[in-house]
Structures are given as C-alpha cells and as structure tokens.
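Okay, so chain A shows up in both of these, paired with chain B first and chain C after.
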Partner chain A sequence: MSDRGHIPESRQREAPRADLKWIGRSMKRVEDPRLLVGKGIYTDDVNLPEMAHAAVLRSPHAHARIVSIDVSRAAALPGVLCVMTGADAAKVCDPLPTWASPPVLQPVIADDRVRHVGEAVAAVAAEDRYIAEDACELIEVEYEPLPPVVDPEEALTSTGDAVLHPERGDTNIALERTLSFGPVEEDFAAADLVIERRFRWPRSGGQPLETVGAVASFDEGAGRFTIQCNTSMYNYCGWMIASTLRVAPHKLNIVPTLAGGSFGSKMFVHKVPVLAAVLARAVGRPVKFMEDRIDNTTSCDNHASDRVYYAKLALKRDGTLLSLKTRIIDDYGAFLQFGVGQHGNALSQCVGPYRINSVEVDLAAVLTNKCQQGAYRGFGSEVANFVIERLVDAAADELGVDRIALRRQNFIRPDQFPYLIPTGNMYDSGNYQAVLDETLKLADLEHWRAQQTEARKAGRYIGIGVATCQERSVFSATEFWMWNLEQGVEWTSSPDGVSVKIDPTGKAFVTLHSPFWGNSPETVAAQVLAEQLTIDPADIEITYSDTDQGLNSTGPGGSRFTVMVTGAIVGAASQIREKMLRIAAHLMEADVRDLALEDGAVHVKGVPDMKMSIAELADKAHYYRLSMPDDLDLTSGLDATYVYDHPVTTLPDPDERHMGIFYPIMGHSCHIPVVEVDVETGQVHFLHYAAVHDCGTMVNPMTLEGHIRGGTVNGIGTALFEEFAYDEAGQLTTALWTDYLIPTIKEAPADIVVGHVETPSPFTEYGVKGGGEGGRMGGPPAIAAAIEDALKPLGVTIDSLPLPPSRLRALIRKAQGRAA
Partner chain B sequence: MYPFTYHRPDSLDEARARLAASEDGRPLAGGMSLMPTMRFRLASCADLVDLNAIEELAGIERRNGQIRIGAMTRHAAVAASPEVGEAIPALAALAASIGDVQVRNRGTIGGSICFADPAADYPAGVLGLGATVNTDRRAVAADDFFTGLYETALEDGELVTSVDFPIPERAGWAKLGNQASRFAVVAVMVSLAGGAARVAVTGARTHVFRAAEMEAALAANFAAEALDGIAMPSEGLNEDLHADRDYRAHLVGVMAKRAVRDALAR
Partner chain C sequence: MERESISVTVNGRTYERAVEPRRLLSDFLRDDLRLTGTHVGCEHGVCGSCTVMMDGVTARSCLTFAVMADGAEIETIEGLGSADAMHPVQQAFWEKHGLQCGFCTPGMLMTAVELLKRNPDPSVDDIRDAISGNLCRCTGYQTIVDSIRHAAKLMREDGA
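Coming up: the complex of A and B.
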C-alpha cells in the first residue's frame, strides 16, 4: 500500500456521541424567516446613491476576429456614461484570474477576437439599464468569422485559424497527460474480461434563479474599490480580483451578498465584479451589473463537465474487479478558470465503492468555442460515478450475474477503512453493505420486480436501477493543481474560519467568513455552537464578513462547509469555554478541573447550587476586569477566532505514484429509481424512488434531506433533459429555459423516499461528512440503469445523456428496427 | 422592451377606437406570448391596448346547442367550467393542459388563437371541434381561420369577441408537451359529430391542420385501431431541438390514437 501514500493521525477533538442535544436535530432553518418575508438582501437589492447601470453587448459569433468597433452612436446617446471595449478594458485591467498553468488568458471584455457566443464585446454604463441596453444596440462591430470549433474530438486536431489561443501554440489541447496508479498493465494482462464502452456526458450547468451580479464603487480619495457581489471564495483568493483591477489587495473590499441559489456556480465569480468595477472607476459612480438570463447562460461560470470517455474495466471471470482505464476528452470551452480541477476531483472516487487495484486516466482537456466551464454540483466526480456504475452494470450483464450481487462482491468492506484507493485519495470510513441493504428495504424491490413482470406481459416497460455511489466531501486545494504540467498555483491549504463573540449579556455572535450560497450555513453554525456552549440557538446571531474583516476561509463548494464550519466552531468555542471556566474557577474559588459547562452555566461538579450562568460570566468578563486574576493573557471580553484547516490532507507524491489525500471525507449513497418508459413517446415516468445516503453524523436531517431530494431532481435533469447544446456553428441553442429543460414537479417522482445510514468520520468533528452534492452524484447512473432495465426486452443500451423523449424514442426505434 | 403607450379601455368600442387611432397599435389579451416577446425586444408597438378590463369579452355560456366562450376567458375558467366539462370535457382537458397555473390564470382563448403559435393548444381545439370564431365584424369558420405561421384570417384591427363550439358526440384530447412551456410538441383533438370525424393536429406544422386520411378512417370506425397503418409523412413537418421530423410524424399517429381512446373513455 505504500505506493498509495500514508494516512495521518486523526486530529478529531469531538467524537460523535449519542447524547447530543442540537446536532442531529431537524431544526428549522435560521436563514428562512428573513428570506421568506422578502428581507434578504440579494445583489439586485443593493442600490447606492448615484448608481449607474451596466449592460453588455455580446458576441453573436462563436469564433471571429473583431475587425472594428464603432461606439460613437452609443456614446452619444443621452444618459450613457461610458462605453468600454476590450481595448479600453485592457488599458485598465489585466486578464481574469485563472488556476490553469500555463494560464489561458481570459479578458473581461474580448480583445481582438471573440471565442464563444455570448462573450462580452463591449460594456455600457448608463443612467439606467434601459439606456444601457439601447446603447448596446447602437454599437457597430465588424467581425471576420473564424472556423468554429464545437466538437471536442475534432478539437484534438485543430490547427491554424481554428486555434482559440494561438499564443499557447498551434493547438486547442490545453492539457494532455496520462496518470497511472498501480500495476495497470499487469492487471489488464491478468483479466479474463475487459468491458469497453464509450460514454458521452453532456454539458449542463447550475441554474440558480438569481443570476450573477455585482455593485461596484470606487473611492477616488482612498483609491479603493468596494464590490458587493454574490460570489464565494472571496476570503480565500479575493485579492486576485484586486490584481486584475491593478490595485493593491488592501484597496479592494469584497462584500458578500446572499446568493439566490448557486448549485456550485458563483464559486469564484470573476467576470461580473471586474466588469462592474472597471466601469465604476471609469464613470466615477457606483455601477450595478446584474446578468440577465442570456448573459448567464451564454457567458457565466455555470457550464460544467462536457466529456467523452473511452473506458475499460478489467475483471476476472469470478467477478473480481481489477483495473480501470479511461481516455477522457473534456470540452472546456474557451477558457480554463479552474484549470482541470474537475479531473482532480474525479480522481478522488473514480473507483467508486469498489476494490479496484489500479487506475489509469488519460486526459485531453480541449478548448472549443463554447462558454468556459466552472463549478457545478459534483465538479466532475458525478461523471466518474456515472462511468464506473455503467461499467459495473455492463460487467454484470456480460457475466450474466445480478447487478446488485456484483456490487456487493466488490465493495470495500467496513473493516478496510480508512482505505487508500489507487490514486492516493483516502476513503475515511463507510459501510456500503448497510446503505445498500437499507435502500433495498425502502425500495421494496420484490414488489417492483413483480410489477415489472406483470407489466411486461401487458406490453409495458418498467425498469429498476441500482447505483451505489461515492459522495466525496471536503476538498483540499491540491485537486486544482495536481494535473498541471508546470508549476502554477500549488496551494495546500483550504481552511475555513469563524469568529465567535459572547456579548456582556451572554448572547452569542458568530461571523462566518464565507457566504450564504443557497445552503444552510447559519443553521449549521447555530446548531454546532449551541451544542458546544450548551446554549439555545435562538440566542445566536450570525453575520458574514467581508474581505476587510475576513479570516482565511475557502468557502462552501465540494460539500465542505458543514464539516469545515463545524470544525471552526469547535475550535473557537473551546477557547471561549476555557476562558469561562477559568473565570468561573476564580470567582467561585474552585479548581478548574472540578468545573463543567452544562445547560448554559458553569457548575461545580457535584455541587448543584454552585454555578454561574454564561450571562453572568460574560458580564464579569466584560466589565469586571479588577475581579480577575492579573494575568496579561486574560483580556476582558469573551471572544475567539479560529481557522480550521482541512482535517486530513497530504501532498501528492513527487513522482506521481499517488496524488495524496485530497478529498477524504467519503459519503456514500444508493439510489434505486423505478421508472416506466412509454416506448411510443420515449417519455420516462418515475413510479418510485428510494435514496439512502451516508453522510456521517447528521447535523440537521431536515436540511440534509432537502439537499438529497433537490439534488436527486437535479440528477433527473442531468439524466433526462438538461443540456447546453451548441450547434455546428457554435450557437447555443438552449440559452433559454424554454429549451434548456429543467425538471419541474411534473417530471419529478411524487416522492423521493430518503433514508440514512450514519457512519461517522473518524477525522472530522463529531464525525460529520458533507452532503451537498450526493443527489446529483447518484441519480444519473441509477436512472440510466433503470431505463436500460425497462428496455431490456428491446436491448437498448444507455451510454450517453441526457435522454429527453425524442432521443430515447430514437434509441427505441433503432432497437425495434433491429428486432424487426 | 421598447417604450410604448399603454391603454386600458373598458369597452369593446373604446378598444376599437384606440386601435383605429394608432398607427402601430396592438391589442393585449393575457399577454402570455406578447409580453415576453416585447421584453426580448423581438416585438414592439407604439400603443398597447389592454383588453383585460372589457367585461363583455369574458364568460362561458351554453346556448343553442353550442358552448360560447368569450375571447377574454381565461384557460383556468374553461378548465373549471361545469358547462364545458359537461358538454365538451375534452375541451376542458385541453384548457387544463395549457402552460402552468400562472399561465392558465392569465392566458385567454382569444389571445391564443389570434397569436396562432404553431404549437398552441387552442387552435387544435377550435379546428378539431369545428368551432366558429366570432369577431367584431363577422363569423369565421375554424377551417378558414388559421392561415399560416402566426397568421390568421383576421384583418387589421379586427378583434375576436368569442368562439362558438358545437357540442360533439365524442371528443378526445392528447398531447405531448414541451416540459418547460407545455406547448405542444404534438397534440391532437379528435371529435365525432353527425357521422363526421375531425382530427386536428397542432405543433407539427406551421399551423394547425386536419389529418384527412385519419378523419375518413374514424368516420367509418371511431376506434384507435382504425388508425393502424395510417402513417403521417414526415415531410414538411416542424423540426426543432426537441423533436425531429420523424419523431413528430410518429407522434402524430400516437397522439391521434390516444385522443381517440380519450374520446371513447369520456
């Protein structure tokens, strides 16, 4: 196992316990009241005196040289304050931040060429948005079209005019390399059977109701920007925006606004705040830019994995899985914001829950004339889940064994954790058998198998799918750079911090240093702090810091926030508890070792009457310094800050035998949908859906179930409907939600029966694991399997998504043709 | 959206006068198609004449063996109408299948047939039930009303006031809708009255049409099996992201049979 690295000691302080009061409770969300009464402040609710409004002229071409731009008519329109072209922007700002190494230069407004439909060509600031949009229509641009590159496999061989970034060489391959872990060739040589499939995972993306927006202002006196924006990661790397704007990092304050949904997008928003900021500096007034829907769908950060897989799974005739080899072509669009971090991510769980001895991944990341990829629920790992699950299904079919039995046979056993997979990532804990058993119970498999048999006799097609999927959580920074050929950003920290203050009356204030991203950070923080200090969550107030006040904090994303904020609060609360005990010991003339914090008061153990409430202690701590010991380190007040580092991560091996531990807090899920396929129309109806997740110790079962149900419907969208489809000319044909089909209540199952298994992590506080992405990670392979099962009499194979009625009907027609 | 002047008359006469007085006026019914089009700056007008305050244009009544539905009657009202439900349940089902709750509470029958979207539901109802469209000037038979892509027999400034639906012996509705808009990818209204069958198909061509071969077969034998072997040629059918021609042609056959089964089950 040494080739797979080493496992550090656990740094867990709080073991999971049975007698927790607040952790584990389905408490109503702290965030809800103000959001439900419409008092949440989203970016578009921010209105500043003298604020101007921006609109963006976007490229109608997929790929073209900009020959000339005439802005004179637009600039002359009454109410227009500024018209900015790419050339103008390049004079006042640098290319946008990127994790790619070598970088793929991305201008905030297109420079001499446009590289995708929807790329910004010019921006206008005006007295109102109407005038700004009118002005955009008056800008005259002459384009010289270049060959559009749309097909990812054709992009492998692009040269000449078809190359998007000639400064990186005469190719559209941004990165191509092979990583091999373990004895791949030996394992393939020893195999009795190799399953080979080509898979196509479609480009889709997070679709938050609220688009990305920013309100930027520039204080000419202080030389300083303030940007209010619905972004994350601002306390991790917000200074990169300052660099782009060519100001020192302390001359920019990023103030987070609530995100009206993200689904992973808005992870590190760069285009919109930079655009608003350069315009604000140019016009000397605050500028608001809110994307409209087409701005968002054509040019935001929400497009995701767009992959072709050539996959091979080697196994023995007895069903033992041996090795996995994949050739991946990933269509990254025109730019690489996060490098190929999505593939670092996928390496974290590419072998699924199975004992697979070796892995080889051969990746080509290609540049095409499409919107850049960003982050989206799963961040590439959901694709790996689809691939391994489809391969295991295919292997079972090939061997003529039950799909569930083959899974059981190859599961990593509960006694094998913590377990290092060939890529070096660690699975901290798990009990996959238990999750499967629980799901089978909820799914009532026997009932549905009987229904299936009856239905087939009547010419109806019912199918049952089973997917057993990993649900990695808590990324470490290495996932973003491990693939790089050259040194670039090689960070190894990905912490999250909190500040906690108890005021003189005993009320608690928590400052989070990461934003509200559409999830439940305040609820989690309140429950954990209440648990730690034995107080009522109603006595806790929670706010968000800006970058001026911010502690080193990575933010949500990668299902990390519940684990990280829990760790940070445990760290801060322990400092506060220690101080309270010290003060109480002094005031009650007791030994600190005889004291305990219970029910909001410090007691002398065994002497019920001797106690001081937190409010009393806070009062003393704030106002009675002279009653305290005269120690320099005992300052007045009752507060603490704590930055919680990633609980368990290690460096990639310098020789690349493994990639270290980078995504170790490993949840697991089993999804069993039952579908009926209408073979005449190609429509899929859900008859039943059971999903069991193991996210370790649950902080709040209700919000976790919300994530699971919402994520599962998200997965239904990916499996059946959603696609950012580009035609041969590079036009995005699904820019609007009339064509980009999101499942509605009519397409969702009547209920998603959710169950839980709790296998606590030995590495995180209380054993919590992340659970924000699992629904979308488990849904697609399970649904594909269910459809395949339904259509088994016709011999339909599912290897590409999505499957809207037209496409499924085409597959059925082909199969019926073959049969006839 | 480009600027326009908004008018809200409370009588048909005033609406007509407003439209007549404007060089570039448009009537506004439910606005479910017109407003988004204007918002995207794909349509504009100098004067927008809102018909929503004209009470005389809304309402449902049964008289002379027919169901009369006022032009400004909302889809939700048709879907919930006891008169429609009793006389032509398939028409209530059609109305209930339009869009979503918000659309059904705003959209109107008059707006739908005047806009004549190639995928709208009501044109199939009007044609498939052999209705008559009443305007402020005349009565137009359904067969003459829909003339092309977003085109009708209406003249400039002519306003639909109501639609008269004869009550058939049987009628059935089947639709495969776009899941976002619920517009028909293909939808079919069939009816049987006085020995004659009608089969009206929407979503498949530039505008709603009747499937003559199917009608003849159903007149002889009003049963789904009567349609066996009648293939809809894919040539000339609409093709878009959600359905190519072959799929649409296939769906016409499937939806027609399902509409017949629906009619027989009502």
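Coming up: the complex of A and C.
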C-alpha cells in the first residue's frame, strides 16, 4: 500500500451546512418547459439554409480487404452532391483522435480494409436523406474476406491475416501487463482459503433514444468549420477534431445542442462530426449527418466493457479478506478510443467497500472484429463491482456464513476515512454500515425471508440479493493513461468552468461550458448560484458556450458535473460577492467587514435600514463608474469566470507502487432486490427493490433519485437482457431494438424504493458527491445474487450475464439434470 | 420519384403538399412542416418516441407514410400546450420529474393523453399497459407513472 503522505489538504471553501435554502431542495427542473412543449433543439432539429444530408454505406463483413469500390452509378444519381470513399477521405483528413498509446489508427471511412460490421465504407451527401440512401445502394464494393476474430480469448493468439492492425505488430493484443499493489504473494501465502471464479461480463451499451448527429458547415472565406453536435468534451479536447480535419484549432467552432440521452455514449463523439465536416467542405454547403439506429448500434461509441475475468480472492478462515488477483481479457473491438481508460477507472474501487490489503491486476486488452468500445455508465468500474460482489458472495457461501455478515465484517469503518486502497486511490468519506442498515430497513428483509420459506414449500423460487457497491465520482485525467507502457497523452487536468454575469437590472446569467446530455445542469447551476448569491433561481438564465467562447471544461462524464459545476459557481460567485461588497461599502460608507449578503441585498449588520439590493448594486457597477473608487481592479460591470480544478488528485507513483489519487469522491450504495424466478420459463419478476445511495450532500434529491432509478433499470437491462451479440462470423445479431432488448416498463420494478444517507465529502464544495452512474453500478451484482439465492435449492451459480429466459432456463435445466 | 398531393391537418392547420409515396410521416412533420417536437428514436417502430395522434388514436409516425395521412387530422406535441400554458399532462410531468433527457417525452405525452381521454382515472396497471410500447432510457419509468397519475388528478380537478 502507498503511504498516506500523498493525501493533499482539502481545498473546500463551503462546508456543508444545515441552513441551506436552495441546495438540498427537490426543485422542479429548469430544463423542462422547453422539452415538454417540443421546443428543445436537439441535433436533428437544426436546419440550415441549403443544408445537404448524408448517409453512410457500411461494411457487411467483419474483416475484409477492400479490393475495389465503384461509385460511378451513385455519383450519377440526380440529387447526389458527393460520394466519398476512404481513399478520398484520407486525402482531406487524418485518422480520428485517440487516447491510445501507441495509437490505434482509426480512419473516418475505412480505407484498405474493414475491421467490423458497420464500419463506414463510403459516405454520400445529397439533396435529401432518401436520395443519399438510394445512392449508397448503388455503390459497388468488392471485398476479399479475412478471418474474423470474435472470441476475446482466441484473439490472444491471433497471427497473420487475423491481425487487425498489422502495423502494430503480428498480434491482436493492444496492451498486456500486470500491475501489483501491496504484498500480494505474501497475502495469498497467508490465506486459509482462495475463492476462484471465472466471470463473463457482456458487451452492452448506453443506447440513448437519440443517436449521434452533427450539422457541419465550412466557411470558405474564413477557412473555418462550424459543427453543431450532441457531443460532450468539446471544451476539453474539441481541438482534436480540428487536427483530424487538418485545420488550426481556432478554425473550428463546435456548438453543442441538447443531447437526447448519453449515459456515457456521447462523451467524445468523433466519427460523426468529422464525417459531416469533410462532406460539408467537399460540397460547399452545410451537411447534416444523423445516424440512423443501425448506424449507431453497429458503429457508435456505445459498446461498453466486454470482459472475461479469472478472479481469485484470498481470505482467512475467520472471514478476513486479504487479497485480490484478477486476470482480465477485455474485448475492445476494432479500435481504442479512450485507450484502456476503463481499466484505470476500474482500479479506483476494485476492492469495493472492503479492507483488502493487496491487489494484482493482469490485463490483456485485445482487438477483435467488433465495434470499438466507448463509455457507458460505470466506464469499467461497474464490472469491478460485479466481480468483487460475486466473490464476496461466493466466499460467504464457502465459509457457510451470512453474506451480509461477511460484508459487515470487512467494511472500511467510518473512522478510517480518508482511506487509501492498495491501488493508491483515496476513498474520501463514507459510512457503509449506515447505508446497509438503511437498506435493510427499506427492504423489509424479515418479511421476504419468511415469504421465501413459504414459497419454497410451494415449489416457488424467491430470492433476495444484497450488493454493497462503491460509486466513485469525479475522475481525474490520469485514469486514461496510467496503464500505458509508452508515453502519449498524459494529461493531469480535468476542470470545469463557468461564467457568471449579473446584468444592470440584477438578473443573473450563467454560461455553462459543458452540455446538457440528459442530466440537470441548468437546475444544479441555478440552485447553487441562488444559494451563493441569495437570489431566486427564477432570476437566473442558463446558456451553453461553444468552443469559441468556452472555458476549459471536461464535461459531465464520470459522475462529475454536479461536484464540478458547484465548485466553479462557488469560485465565480465569491468574486461577484466580493465586488458587490466593495461597491456597497463605498456607497454606504461602511466597512466591508460590517457587511453581509442576505436575501438578495447587501446589509450593514445590525442596521436594518442600511442595505442595497443586488439590482441597485448591479446598476451602480455598470453605469456609475465615476461614483466608484479610482481602482484599476474595479472594472465596470458585475461578472466573473472561474475554472474549478479537480478537488483532489495526485500523480501516479513513478515506480508504479500505486497510481495516485484519481477518483476519490466516493459514493456508496446498497441494493436489495427480491425476485421470483419462474423455473419453467426462466423469467425473472421483481417482487421488491430497495436501493440506498450515499452521494454526499444532495443538491436536488428528486433528480438524484431519477438517476438512481433510471440507472438501476439500465442495470436490470445489463443483468437480464442486453447484449451486443456477435456470431462466429462477426455479424452483430442484435443490431435492431427488436433483438437488443431494452427494458420496457413491463421489465422495470413498479416501485424502486430509494433511500439516502448523506456523508459529505470533506474535499468538495458543500460536501457534494456525484451520483450519475450508481444505479447501474449496484444493480447487476445484486440481481445476480438474488437469482442465485432463488435457485439455491437447485444449486445454480451465476457468473455470467445477461440472463434472458433462454439462458436462465439452460442453467436450470443443467442443474436439474445434475440433480437427477 | 412521382409525388402525390396530400392534404393533412396538423394541430388544426391544413397543409397541402406534394410528397413522394415513400416519405415517412415523421419526416413530413419534422422536415417539411418543421414541427421538430416529434422525435425519431429507432425508426423501426420499437421505441415510440415518434408517437403522434392520428384521427384521435396514437400512431408511430416512423412507420406511417405521409400519404397515409392524406385527409387525416394529426396532433403533435406542438399542439398540446405552450410553455406558459401547459397541458395538465405536461404540467404533471414537470412536477413529478417524468423526464430527464426529454427525447422520449413527446411520444410519452401523446400516449398519456390518449389514455386519459378514454380512462380519466387509470390505475397503475392501466398506465403500465398504456405506455408499455414507449421506451424511456432515463427514468426507469416510475416517475412517468407518477406523472400520469398526477395528470389524471389535475384533469379531473379541472373538469370538476
């Protein structure tokens, strides 16, 4: 383990308080009115004069050489403006941005070979989308098939024609290495018992209802692109798109639109904006490219962790957990967008809420003929949660002790925070016992245990699962590169900025530098600014910047946004408050130390009549310069910008004894589902579901509960139904939503009973923690445990997801066969 | 491709247009009439985001050709209410947090309106049946049910 010396001092300015007026209130959302009346502008709602429309011809092969492409018939179709092949695209743009080091080159349109079904082979811009799609059907492509690589474990030994990127060597292993933290071998030698399991986590995805789109235009006179797009990290690294387009970064403006959901999948979209932009430049008109659903499912940034685990948990006979070893093979698909950042992420909480002394992770990231991985709620840590929770359940069963009792025994205690886990990451605060107690109360465990006993007598199978999971929030950029063997992108900043202006009439304007992607950025910003300036949220207007105006801002991924925008607003509001106090002190001839901001006015303490409202002060600040002190700092107006850096992060140790603090704002959850399994059909019904989350100080309990319930139903999808399934030929057999089964209301529990514990973070403003991903990070291990518990009389073990009725029936049939 | 002349009444206004027979009603509404409140999610009839009212019953505009709406009365989200005069269903979704990203919301609202028209006091099960063909990826559905129940109450109070 790393020494505690690398925990920095807290930079918190605003401690949590009981007397907050707006923070902690379930305020109705600021975002909603325009969305409810159909006036929200999503990407596909953008229409520009003379705008053309794009469609993409996609590869039907998993792996093939492109021998020839004949676009002549397509180009001759009336209404077609441009047909672009990979060779054409390579003349006008570079490979797509990547965080992988060494890079895995990804062309926007496949050039000499295709590497997965759905990869772009040609793009068409036409007068309308119908003509563009007609033209795609007229393009003739001759392919020479290559061996498809589909199984991640077989990818470990690929050579020759089966290698996707021969320029990186004769292998499909993108990265393979072992990281070891603490005395792993000693701990295993001291163990009385080692639990060994193989787990399979399926490839699923965020699958927001809105696909990815972009409307691009090119101003030939200025040599400048404008791209309206539903992306997220544009103010963090949007310039990378400019590099791909071979223009200087200031020759590109990215303008965010509303995003109709993301769940991580729109964290940094690269293919769609680049494609729209190269076509716009080629045809000299604005071009809209909006993915259709098959474009999205076969070639998006949506496919998430796809892992095989060989896991070992070492423990003492008395139940003390000692050490964790995992061998992971992760199927990244054909390219590496974020490097192996998902495994940096997973190191942040791989020991769960437990005191485990040492950890070894042996990772092989392999390339296969599937769509590249992107981000989805959890970004790799949801898998680590599943693995540690399943191991703890298995350990309890092996020891013959209660699964809950074994958890309690090994929980990190409230007095041990801030706590460093073996990988070096810090857990800032927590109270896992309290979360468990609260969940047990809501779950009514005694009642359901009795029901379970009765049901078993009647030949029915009711099961109860308990998972106690970490819910890390606020990533630091180091997670993206800490695994890399070669130096590449090694950023250490991941800030978020905000601009605040009080106009001459006293109204407040906030510019956010990260987009709306289905979360509640405007509501959070309004609540925090209202709290800071003692104003009414109704007097605050929220807008979003483009990259021309933008401040360095990482965006909402990784459950960051609420913590980060709160920090940024505290920073900006304190500047505004200070200026108002100085002006008020001057105008009221008072000492600034005798003034206080309350109820939208600056008061002289103890003199009720001596006060100036924010509107009066704003008016003076804007128009009465000659009434102010002659001070160069006291510029006209009332505005501030503030870029809030990550509240607490440190570098990885140079000798890799630990990875530093990189994901420290640690939430926690306990999920207790009660299910009934119909052993004849393999169907799972939820009889009850309780979930308690500790996300520190809550800014808006209503929206947090929305995330928890929505995330939990995402987790139900992952556990029971969802899978991007590829057959042996590398065909995606679940490209349509008739086959990729997203939970409808019929699959969702009627009532997910949500509770809260609030353990404030000592490092963030007001003690807020992020809560955007927790539902999906807690649901799957709890549901797996509940199903296993239900089928305990049959001896079924759950180590692989998803569990649709067909697979659950197969497990039951096998178990019944064994019993017979 | 030959175009067909159609006459479609949308939110009370009649539009005369010539469209290709293959043109989807969703594209007609969104691109030709610029009524972009109706959203296209899956474009193969699964998600329900594109739901509109056609002659008083809900229809998936991504599975309906515009020519099939010739002579029909269509209602879309734009006809339901405005930001300063919301329909009770919109008001209820706002109050009960029945939306997050808002993309499924127009289709969800049209489906809810249809339900409440024929059943002013629906049970939870009635509501779950009614919206079982509309996907929402954000909310987990629970607050949508709460919203529709609340809307029913608001509408009953309005009517009283």
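We adopt the following convention: the second predicted complex is superposed on the first by the 815 of 820 C-alpha atoms of A that agree within 3 Å, B and C clash if a C-alpha of one lies under 4 Å from a C-alpha of the other, contacts with A are read in each partner's own complex, and residues count from 1 in each chain.
In this text, contacts are C-beta pairs under 8 Å (C-beta built on N, C-alpha and C of every residue); 3 or more make two chains touch, one makes a residue touch a chain.
What you see is a predicted model, and the numbers here were worked out from it, not measured in a lab.
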Open item on the list: Let me test your reading of the model: by the given contact rule, A:806 touches which partner, first (chain B), second (chain C), both or neither?
Closed with: first
- [ ] May I ask you to decide whether A:742 touches chain B, chain C, both, or neither, giving the answer as first, second, both or neither?
- [x] both
TODO: Have a look and say if chain B or chain C is in touch with more residues of chain A.
DONE: C
Open item on the list: Taking the superposition on A as described, I'd like to know which of chain B and chain C A:702 touches: first, second, both or neither.
Closed with: second
- [ ] Scan A:259 for contacts with chain B and chain C and give back first, second, both or neither.
- [x] second
- [ ] Considering only touches as defined above, state whether A:38 meets chain B (first), chain C (second), both or neither.
- [x] second
TODO: Mind working out whether A:752 is in touch with chain B, chain C, both or neither, as first, second, both or neither?
DONE: second
- [ ] With the two complexes superposed on chain A, say which partner A:714 touches: chain B (first), chain C (second), both, or neither.
- [x] second
Open item on the list: Per the definitions at the top, what is the overlap between the chain A residues touching chain B and those touching chain C?
Closed with: 130, 737-738, 742, 744, 746
TODO: Could you pull out which chain A residues touch chain C in their complex?
DONE: 28-29, 31-42, 44-45, 47, 128-130, 206-210, 258-263, 292-293, 517-520, 702-703, 705-707, 709-714, 736-738, 742, 744-746, 748-752, 775
Open item on the list: Which residues of chain B touch chain A once you look at their complex with the stated criterion?
Closed with: 1, 41, 100, 176, 178-181, 185, 241-244, 246-247, 250-251, 254
Open item on the list: List the residues on chain C that touch chain A in their complex, please.
Closed with: 20, 22-23, 27, 30-31, 34-44, 46-47, 49, 76-78, 80-83, 86, 90, 93-95, 97, 99-106, 109, 124, 128, 131-133, 135-145
- [ ] Using the touch definition up top, name the residues of chain A that touch chain B in the complex.
- [x] 130, 133, 680-683, 721, 725, 733-734, 737-739, 741-744, 746-747, 804-806, 809-810, 813
